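Working notes, beginning with the structure itself.
We call the chains A, B, C and D, going by the order they appear; numbering starts again at 1 in every chain.
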């Protein structure tokens, strides 16, 4: 949950706190003020005649107290804030987002488009609504268009864009899914930028994950190449929380919350049956964040398997023997497995196929079904009756409305996106770093690769402490 | 939601990120390594013969991968991380919490006590359970006692302490309330420390708010004075989120989530009735955090009134005229008011009484009932029919089980508390700063005063943008 | 939950069941087939030239299997079905509702109006939607109008009627409240029937409680008097479940479910505090059904006070002594009180005032606040510390979406209402009797008076067995 | 929801209601008062020296108002209450349950056992707790034993019975699952009755479904054969609601409620995707009740497939073409399928296998997976992109705590079971008929066969009206 920044207080506090580090001015690595400050591109880098309009917040009467809170362009947020006493240490920093005093777009000339891509994630509707509302209520923008069904909506005849209005968006922040519709794939750079040009969009808000962002960056580059003065902004959407740099992505908290229901069901089934085994598959193709956090939150899980760990199935220290030990001592066990865990086992079976989905991801065998089969056959061979129940709550998790925390995060991300675009920034992505909202160069997001659970982190060790699970490796 | 720390990565990343500030070593303000590093007292400052036992994590076989993750005492977390380009800036820092390689207590000799004080808050049971589990499962401590009904439980004959065990604590992380019981007041320093001494407790975990922490600090001092080698640890509990320094306190996310239910009801009542007004009173005696965040999350609130703002009721720019305008344009309105808002109005009526509750807080007139009455009589005088519904969900919010996010936070706070106490730290409080878990000198927590919403912060401005509410002041 | 009628099976079953009573044909009390069969008025009683159109169900192709399931007019449902062996016994009976083979209205000529009156109740939106959908999808009616804000919406200029359509009603069955708006009072017979005449409505669906039904019956009579061929149909709405004859009214199951949340909160507060007392006020001005059923469902309640019982507060067998006994033995207690309980105590304080609300109900002092004050002052006088928490979840209960069971009931009531009106019946109310849907003469509903808990019934005795509460009377 | 019986009122009411049928005394089909009244066996039929002890309710002081409400043995409830005017009609009737004035067991001599068999169903814990509480609180029985893990718990060494007490059962009515554990199979008549005899149980409460009841009846017979004076009582548990005679079984309402979550998820996924198809598999091997009622409650379902209907997949009027039509007109569709639907398709694939589970049920291919595959390949062949999401919420539904309505039903069933057993009845099953609680001869329950949806019933026609689905048959 992102709470209000505590602005560095300057007087009495200091006396209370003698342990104070002085942060020196940063070394100017590039020999001068960076072009496109802190790596966030700005339209003025690419176009000569760029507007400079005073923000309507300066003169707003009804909400005039907003007027004093502009964020200067050279305000940044530090990333690497765990340090050692007595040692210098480097820290990356990102540009703080928020309203700017001057805008690159006159609100009357803005034609904005919003598109949602990829799979469902709780909170999409809130992002859509708040982009619309921020544009309209804060800046007075008149035209905000919704692109239907992801990237293909830019150019598919039957999927016309929707001119958004209050009635259409009423109450959608309390509903799951995406009112605009969302699909994987459909990225066609030429057709999309043709559509942007012909429809006259000059702000494009793209909500999606890793693959979507790669597309968004190409759209940004192509707009520049074609001399289209368009702000292209990304809002990272990944229920798996596998986008680098940011604290976590929207919908993640909701997913962890909703996963509790399935873990609870697995626990009840396991404890009510004879040698009951509750097995829950959770989302996470490359990263085990949901499984890790859901395990910590539940407090009832005995084994947590994530893509980042390598575990043996057989052998004296393997998973199956560990399950047998749990059944002997506790009479039941609860297992959480991320969809991408145990890939070395599941991919063998289908190596040749290499089917891919519309986003280009390799289709996986369902690791939960695979593990269920392996457990059942192993105990069957040993003549031990077990009662295994397998639960896969994926679609129930993805489609719920966002919890309050996520709704707030979505609201704030959307506001950040709009403030940035109105000010003329482009090719950036919104996110929080150490609880503060920042603009991150889109290029950096996509070149970082996926975020993965650090097995030497405190958080993973807390999971091991909570589950008491052994290394599950034979040597 | 506290996510895993992203440890500063050192090689390839740097090339991606040219905007890097070098943090210089801190200036040694005290002329030498601080006694009780970073202000966190350690038993070795006060006692000569202090133990130094290797942590059982060093040799654990079952969970041996935990062994490599000790936190050194000079690792800190920076606080003031919003900075300006080209300027030096000071930042407070706090000691990072986590397991230490050497312990001041041999686990076999630990007799721990846990006490919960003050009002209910979602997550208390999770903290209690995880302190017990961390002591037992990670460190092998045998005796953990629960003190009943708050401070009074130390010395009240009928309230004997409970020797905690697995059966007693089973599943309590999914239940609201406090299994130990909790009350306000009852602080008697002499009797409490007598009890600690006579029962042989050497670790005391105290879960409570501002007032409770003031007591805890006195217990810490008195234990030192009496030469009792006791670690006294605080875990901050305040559903209002009004404790300074930390990101937010446990239970707060749950409270914001649960408040949505009442706001939703108010919205439904308001929109279903003729000139409907939904009025919700939320917790927050001194600070409007719950009201602020619940308003942002709901997206349906027209007016948010918190203790930090000063509003006029009457007059052309006052609240009542604003409500009338809302009714004219929207046909309904939804108002959220924190219990401590409008104090200038409610305290007049009862100035002489000055009743205080057991914690010493001044009893307030219910501002919700007061405002409901004022609204009704004002519209009645003007001959306008309105249908006002007043909701006060306080006890329903306080008593629910914690949401997943809060359960994780409670788990981590408890682990931090136990790691710190086992290492010999004392007189400290656990909390998160910029998402990282730290130990904060208890003295600093209590001398800071209550945390309040900063009216010039981005977060409050986001509320103003969401509600579109005017300043509500006549000049 | 109304389940499908098990049609009397006729062959093999009989052999299984030798205990079979032969129901003799009813005695013709009126000397011939009753006019307006079974008391349900039909338009043909009042108008000579009444249509007789074959139901579209007869010829529907898409859903043609519906065609075989018409209900004959002389099919009835028995009421008094608990009987004694060997004794004759009388049973009332009601006309079974359902589709008729012939209609009095040609669907193309129908102009229907729907109005919702009184307080909120879960399920209103489902009734509205399903009346619309049944008229449109089953019968092909084109015009269904929504009257806004209750009776006043018929004649208030600013509240024009809404022509209902699919988009307007989309998803409303999952939302609380009333999309049409609902208010108390506003009944003006002349203006309402003027409006019906001038707008050309010939079917009027009125959703409301006791008072609303009295108005509906007058509308029915006045339409007949003015020679307006209008079907007037009532759907009983009372969250208190105090309407006679029917099994229970819609929304009641949801209310009992939602009340669990408040009782749970009261229980958690009571068990977590020192001498904790959780006090919950539930709806029920005249009848204690919600309190009774919510108590049975919770299984955690110690005292249940309803309007139907007479209890002493003071004295050796009064409530206060009983609470003290509970605190002594259990250390806490949970009390549920219906809003109309203890009227003899609360009305004294305000006898002169006799304020009434817009529906003409006498405004009551809040019995929960009164009881809380009495308990607190009694224990204060006796020097016993208690911690009482008072919860009033009324508006949170009323405004939630209906649970599945209630949504089904609402769907079925709406279908029954439409089938009846299309067939030409009027002046009737829909409801279930012994799980079967019937049409009840509106006159009988309003002359019955309010339904109240029978203190000699098995259900109340089950509550006494569950709470173990004594009679609470001194002699 | 079972509401209090409205006792036939006798005076003023009659004047209001002229449509009254006189029920003649039943014809004595057996020539004299039936042995074991109304087919319910009584211990006195089989044993000469049977006790006759006054009920403690007669003399209870604390709850003395209970004393007046005994149910006489010849009070019955009519079943077939939908009748035609002017025609005689037969009606089965069942013996009303409730407390009797005289008991066959002296409470001090009762040793009761409770066993739960088969799969999970919401409410089991409430039944267990209330049997215990009714025996102890109402009758003063001292020994109530829990048999672990179903029938096998009677004779398996490692599964000793549990002597139930208040602490063990505290709060279990709010938890899913079975605290006693439950398994399928394990029925061994000889060993079970040996165990009953050797442990001295004289009341055995058996909670289970169709198969379990067949076993229970054998236990009843064997006890009589061995001259063991034991009351054997069944409480029907079937989440599918497929037990004949009774209105519905406990847990069914909860299952319908919980199924809404999955249908909602399917709807959100379907409406958010391109040509989205949401497919939900619900419980129901032989009967489609859950699917039918869940469809009615949701209001968002386009196709409901249950075991009772026969549908074509291919062909111009088959399911696949219907789905294509829906996608063309609505752009999405939502399908609910019961696990036993389409058996003609799924059983071909595995005809030879004929695997059975521990209860002897034939293992089925998962019809949901089968249908998903068929839909996907059909549209794939036709070159139409669809996005199908398949949800199987079975275990999440089974394991939740019961909703309020079901908790009440469980409480009442348990009370009925205890009243019946204490009075000396045996070989019977508890249930509600037309909302009234009755005792049904166990033999009749098991000889009836499974309850199935009547395709000519009003309820199924309501589903057809709600979904607008065609017959799905080619001719």
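By our rule, a contact is a pair of C-beta atoms (placed from the backbone, for glycine too) under 8 Å apart; a residue touches a chain by one contact, two chains touch by 3 or more.
None of the values given here were measured: they were computed from a predicted structure.
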{"item": "Any chain in contact with subunit A as well as subunit D", "value": "none"}
{"item": "Subunit B and subunit C: spacing of chain centres that average the CA atoms, whole Å", "value": "45"}
{"item": "Distance between chain centroids, defined by C-alpha means - subunit B, subunit D (Å)", "value": "47"}
{"item": "Whole-Å gap between the CA centroids of subunit C and subunit D", "value": "27"}
{"item": "Multi-partner residues of subunit D (at least 2 other chains)", "value": "264"}
{"item": "Chain pairs that touch, as defined at the top of this document", "value": "A-B, A-D, B-C, C-D"}
{"item": "Residue numbers on subunit C that touch subunit D, as the complex places them", "value": "1, 3-8, 13-14, 16-27, 29-30, 33-34, 37-39, 62-66, 68-69, 71-72, 74-94, 96, 98, 126, 129-130, 133-134, 137-138, 173-174, 241, 247-248, 252-253, 256-257, 259-260, 264, 289, 293-294, 296-300, 403-405, 407-408, 411-412, 415, 434-437, 444, 447-448, 453-462, 464-466, 468-471"}
{"item": "Residues of subunit A that touch subunit D when the two form their complex", "value": "120, 149, 152, 175-178, 181-183, 261-262, 264-266, 268-269, 271-274, 387, 389-393, 395-396, 398-400"}
